[in-house]
Amino acid sequence: MAIIIDGQTRVLVQGATGNQGSFHLKQMLAYGSNVVAGVSPGKGGQSVEAVPVFDTVFAAVEAQHPNASIIFIPARLAKEAAFEAMEAGIETVVIITEHIPVHDAMDIMHLAKARGTTIIGPNTFGIISPGLCKMGIMPNSIFLPGTTGVLARSGTLSYEIVFNLTAAGIGQSSVVGLGGDRVAGLSFVDILQRFEADEGTTQVVLVGEIGGNAEEEAAEYIKSMRKPVVAYLAGKSAPPGKRMGHAGAIIERGKGTFASKVTALNAAGAQVAALPWEVPNLLAQVSR
Amino acid sequence: MAIIIDGQTRVLVQGATGNQGSFHLKQMLAYGSNVVAGVSPGKGGQSVEAVPVFDTVFAAVEAQHPNASIIFIPARLAKEAAFEAMEAGIETVVIITEHIPVHDAMDIMHLAKARGTTIIGPNTFGIISPGLCKMGIMPNSIFLPGTTGVLARSGTLSYEIVFNLTAAGIGQSSVVGLGGDRVAGLSFVDILQRFEADEGTTQVVLVGEIGGNAEEEAAEYIKSMRKPVVAYLAGKSAPPGKRMGHAGAIIERGKGTFASKVTALNAAGAQVAALPWEVPNLLAQVSR
Amino acid sequence: MKLFEFMAKELFARNGIPIPQGRVVRVPSEAAAACQTIGSVVLKSQILSGGRGKAGGIKFADTPDEAATAAGEILGTELKGFTVDTLLVEQKLQIDQELYLAITIDKAAQCPVLIASAFGGMDIEDLAEDKLVKHNIDVGIGIMPYLTRELNRKLGLSGVLAQQAAEIFTNLYKVFREYDAELVEINPLVVSGEKLVAADGKVTIDDEAMFRVGELVPHTEERTDLEIKAAELGISYVQLEGDIAVMANGAGITMATLDILQHYGGHPANFMDAGGGAGIEATAKALEILLATQPKAILVNIFGGITRCDDVATAFAQVKQSRGIDVPLVIRLVGTNQAEGVRILQENGIDSFRTIKEAVEKVVQIANA
Amino acid sequence: MKLFEFMAKELFARNGIPIPQGRVVRVPSEAAAACQTIGSVVLKSQILSGGRGKAGGIKFADTPDEAATAAGEILGTELKGFTVDTLLVEQKLQIDQELYLAITIDKAAQCPVLIASAFGGMDIEDLAEDKLVKHNIDVGIGIMPYLTRELNRKLGLSGVLAQQAAEIFTNLYKVFREYDAELVEINPLVVSGEKLVAADGKVTIDDEAMFRVGELVPHTEERTDLEIKAAELGISYVQLEGDIAVMANGAGITMATLDILQHYGGHPANFMDAGGGAGIEATAKALEILLATQPKAILVNIFGGITRCDDVATAFAQVKQSRGIDVPLVIRLVGTNQAEGVRILQENGIDSFRTIKEAVEKVVQIANA
């Protein structure tokens, strides 16, 4: 039906009383996510939209048994928040926060490996399994339950793609944002593997961008996939040597170019759409 | 046939050119263990009994592909040796060294958990799967291949027990020494689980001692075991408050007594032999 | 943030990594004085770019007079787009071997990676893979002595050089972690007799970590004024060469917007990611930055998620009311609070589109008119 | 190695854990002087044992004269098997609440465990499980601020007390790790007005780590002279009350030997684990220690593994030849190089047995004769 989160997921919101945290807690509830608790140090005992708030993740886990957490905590404290979630036994941690120092991100991933925690992000729009659960900051209205898996490095661009899918009647099993930072939890390959294994997913849309070699690595894995993959890549017009917003979106020493990614994906049998709204048509072609 | 090590195990000896290391390397070879490499910093290129010696574990792994290591390195450097083995990807690490600081042992176990490494010891006589592989310092002559699993906190005492088993014609599937230190890798329960799952093991002998509550925890698990367990415990005559050689062998504040362990084991259906040479008879009784 | 070579070396020296005797100079007379003290020297332009040697940014001198002359020839010149205003005057080393040593981030492995080579001195990208030694570092362990032994073995170092190298590996990792570096590089790490010396040094600090290491490291700047102003507002801004200013919310969608604009024959004047969740004030300031660049037209592409369409619309309305908008403005606005946003724009006489295609076609038509 | 309270507190103070104002004294006049400076005081015997209060080892004084008198009453007395030669004279605290706080080792979890309680002051063993807060500490993480928040929540601490407690948790863990402690305990941790103070302190250092922390901590001794001498030889020795001296190789086999001896009506005079792999010299010295205790008989049980039977036999032969063995000696000798060992013993007129049963029966017969 979906990957990573579903109707059984019990969501914790870290930073629940902050501006972003409380706004998105409300949005997630409105979408139907089972938000069972919030955490804000010093705010224990309060509630946000009838969701109880605790001082620590440990206290929230003790009382409400969440198994997934979404972090809306400023960059300076985000590592600590992720550590707390992992120490308290949370299995899936979605880190929305952007501008986290890369050494903190490495520390987070190090602990996650030891603990077997699934990390999505940082600097991600989150993950949604339409109709079942949303943990993220994406607009509620654009998603449609279905069987197309979507994975993206970038938030708003993936909304654009999903918006076009939904408009074309193509629903989504899960939509996952890897996050735009250099060091992120789940990689394209990690997520492709899950989509490949998921019975509820029949085809996949990969939304990539210039810089790094994540798309090339994904292409290598796509070669072995049974399910068809269609891609859209941003940054065709980007000049080399300029960091285009995301820490990783930069063509350095001739590596990570748009052309090399398109070549790799095509070689793996994945078609690359020239414009975002062409994705639905390409999908229709590959799924026969 | 056996647990943890068998005829496929490729053994590395860390500290191969030292007194103990070279002596036991020879003994292990004589037993038939597949010792493929040794490591001694600064001695790379030498050999011990025709086994090539390398400067680092990485180099040994690259050339000889060992998957298990036995450590004969002085206490001050033993943590580093264990770390090197784990970083180089060794799956099973047997730490013979005694007197390792307990904080170093905690650090070793912490890394082992993250890496999924099996640690036996420290301060252990090692492990042997008779007829297949020996990684340890026990005398070669006393073991007999068979189907009785033996696990012990203490070395020489377990030789005594095994000696009696062998004399009675009762062979062993594997004999494992947990080690006498406070913080050790595999616990009684870890090893009992492996014996319970091992097709080559039909019954188990547990050799315990006073102090701590490892035997009580083992008893808790034995309740759920299908295979019969017989125990022998040392320290019946030990006065409270005195540390009897092993760091853990001390009755403190009325806890860890001989009587409490016997009671727990008996309640779990495990008989406790009063004298070491009574173990074979008890085994004969329980295995009908 | 890239550090100048002399700054990188200062961090090295502070952390037990040997560097050549040297002095930072800004006028030829200082170069002469440095040469007087040091002897034969090399004068190196301090710019935030590689390839200085080929571009004439490095000179040698054996006497104070030669040093002054050489300094005079380099100082004030343009080199790789930078004006040279600082030189590092350093002892000329006896070079027996050049090694390469760096620590950076392995994105796929999510951890630091140490890269070394016994064949340094040239650009690492030009070295064959089999001449490189790579070792991922577990941040829970760091560099323990066995790793230094392994690295020395692979690099073929032994004896006193191996001992020094072990300290340099350890200290370089310390610099990497303590200063939140993205890259620390010594190229070449020179074998000079019985000594290892960091003959060059490159350090890039993670911009996101400046809040905690800002006090520890000197500051450099390679951005344009506009980029700096945008950064202060939390906005990603990159200047490009076209005539249509672009604003979108999210790095990916901004890149895609530029691509689409180009696809339809337009020429983007910039990359501007106003960020997810930009509020009214930030959006207004972002628009003002675009207006200040005097483009032919402005294209705004907002897909509201964390960003709310009503906030964006209110910001635009405010700017229009307060200082006027004298450039054609084409807006695509969908997502969170879309209806409210469109209403606010309408009330202020600003049209909006529902699809990016329509918006791009419109703005290209205006700009090319 | 257990530290005296005043030593533990010195480590605390050095590491930012507040302790009461106090002074270590060894004569009554110093106690008076301390009281003069501090005001109302408590005088606490410095012995390596708990339960000092009930045993009369703690007294209070409000004036220098009272302090001198109290000190005179305690100093020099026997308390729980120790002679009191040192007092800690400390400010008498206002006590609003007593907490318990300790960090020790969770053997099963193989990591440090922090144990705390809002109901301190008494022996922790007497506290109900539900009044204890326990938290395992990941040595890769240590104590991060969220853990201090969680501990404060469970202990019911807030405001300035919570802030102080957070620092104390962190600093106590630092003491635990940096000094290779097996136990660090503050009981009670006193709430005195707006302040938390460590009113008592217990620290036990891992003996195996003395090679690296020995310089950092003061030294104490609670072993007998014989135990010290044995330890210097790397031998585990515990004095018992019987008449048959025992030596074996390995802690488990030594315990079992004592058990079997007792089973057959014998009375062990000691526990002596000569260690795995003891060589000729160490074995000879171990035998000399046993001879020095003048037992009725000596039982030796060697199952050679890492220990070689020939080494043991040679050691015994050497001792016999050099200084004679004037006590009946019963040896059980099997294992590595057994034949050679038995031969050496025979040549020196020492009989050996193959089973422990035979050896024990023989030695009991001799001792009870």
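Letters are used for the chains, namely A, B, C and D, taken in the order the chains are written, and counting of residues starts over at 1 for each.
As a convention for this text, a residue touches a chain if its C-beta (ideal position, glycine included) is under 8 Å from a C-beta of that chain, and two chains touch if they have at least 3 such contacts.
Keep in mind that this is a model prediction, so the values were computed, not measured.
Between chain C and chain D, the least number of touching-chain steps is 2. Contacts with chain B and chain C are shared by A. The chain with its CA mean position farthest from that of chain B is C.
Our note on geometry: chain A versus chain D, Cα centroid distance of 54 Å, whole angstroms. Between the Cα centres of chain B and chain D there is a gap of 26 Å. The geometric centre of chain A is 45 Å away from that of chain B, both derived from CA atoms. Across the assembly, chain C contributes 138, 140 as residues in contact with two or more other chains.
Touching of two or more other chains is recorded for residues 113-114 of chain A. Taken as a graph of touching chains, this assembly has some other topology, since it is neither a line, a ring, a star nor fully connected.
Pairs of chains that satisfy the touch definition comprise A-B, A-C, A-D, B-C, B-D. Listed in rising order, the residues of chain B touching chain D in the complex are 20, 24, 75-76, 98-107, 109-110, 113-114, 125, 137-139, 142, 152-160, 163, 180, 182-184, 187, 207, 209-210, 212, 214, 217, 232, 234-239, 242-246, 248-249, 253, 274-277. Across the interface of their complex, chain B is touched by residues 105, 107-108, 110-112, 125, 138-140, 177, 180, 182, 206, 208-209, 211-212, 236, 238, 240, 248-256, 258-263, 268, 271, 273, 276-277, 303-307, 334-336, 355-357 of chain D. Listed in rising order, the residues of chain B touching chain C in the complex are 41, 44, 55-59, 80-81, 83-84, 87, 111, 114.
Contact residues on chain D toward chain A in their complex (touch as defined above): 138, 140-141, 144-147, 149-150, 153. The residues of chain B lying in touch with chain A in their complex are 113-114.
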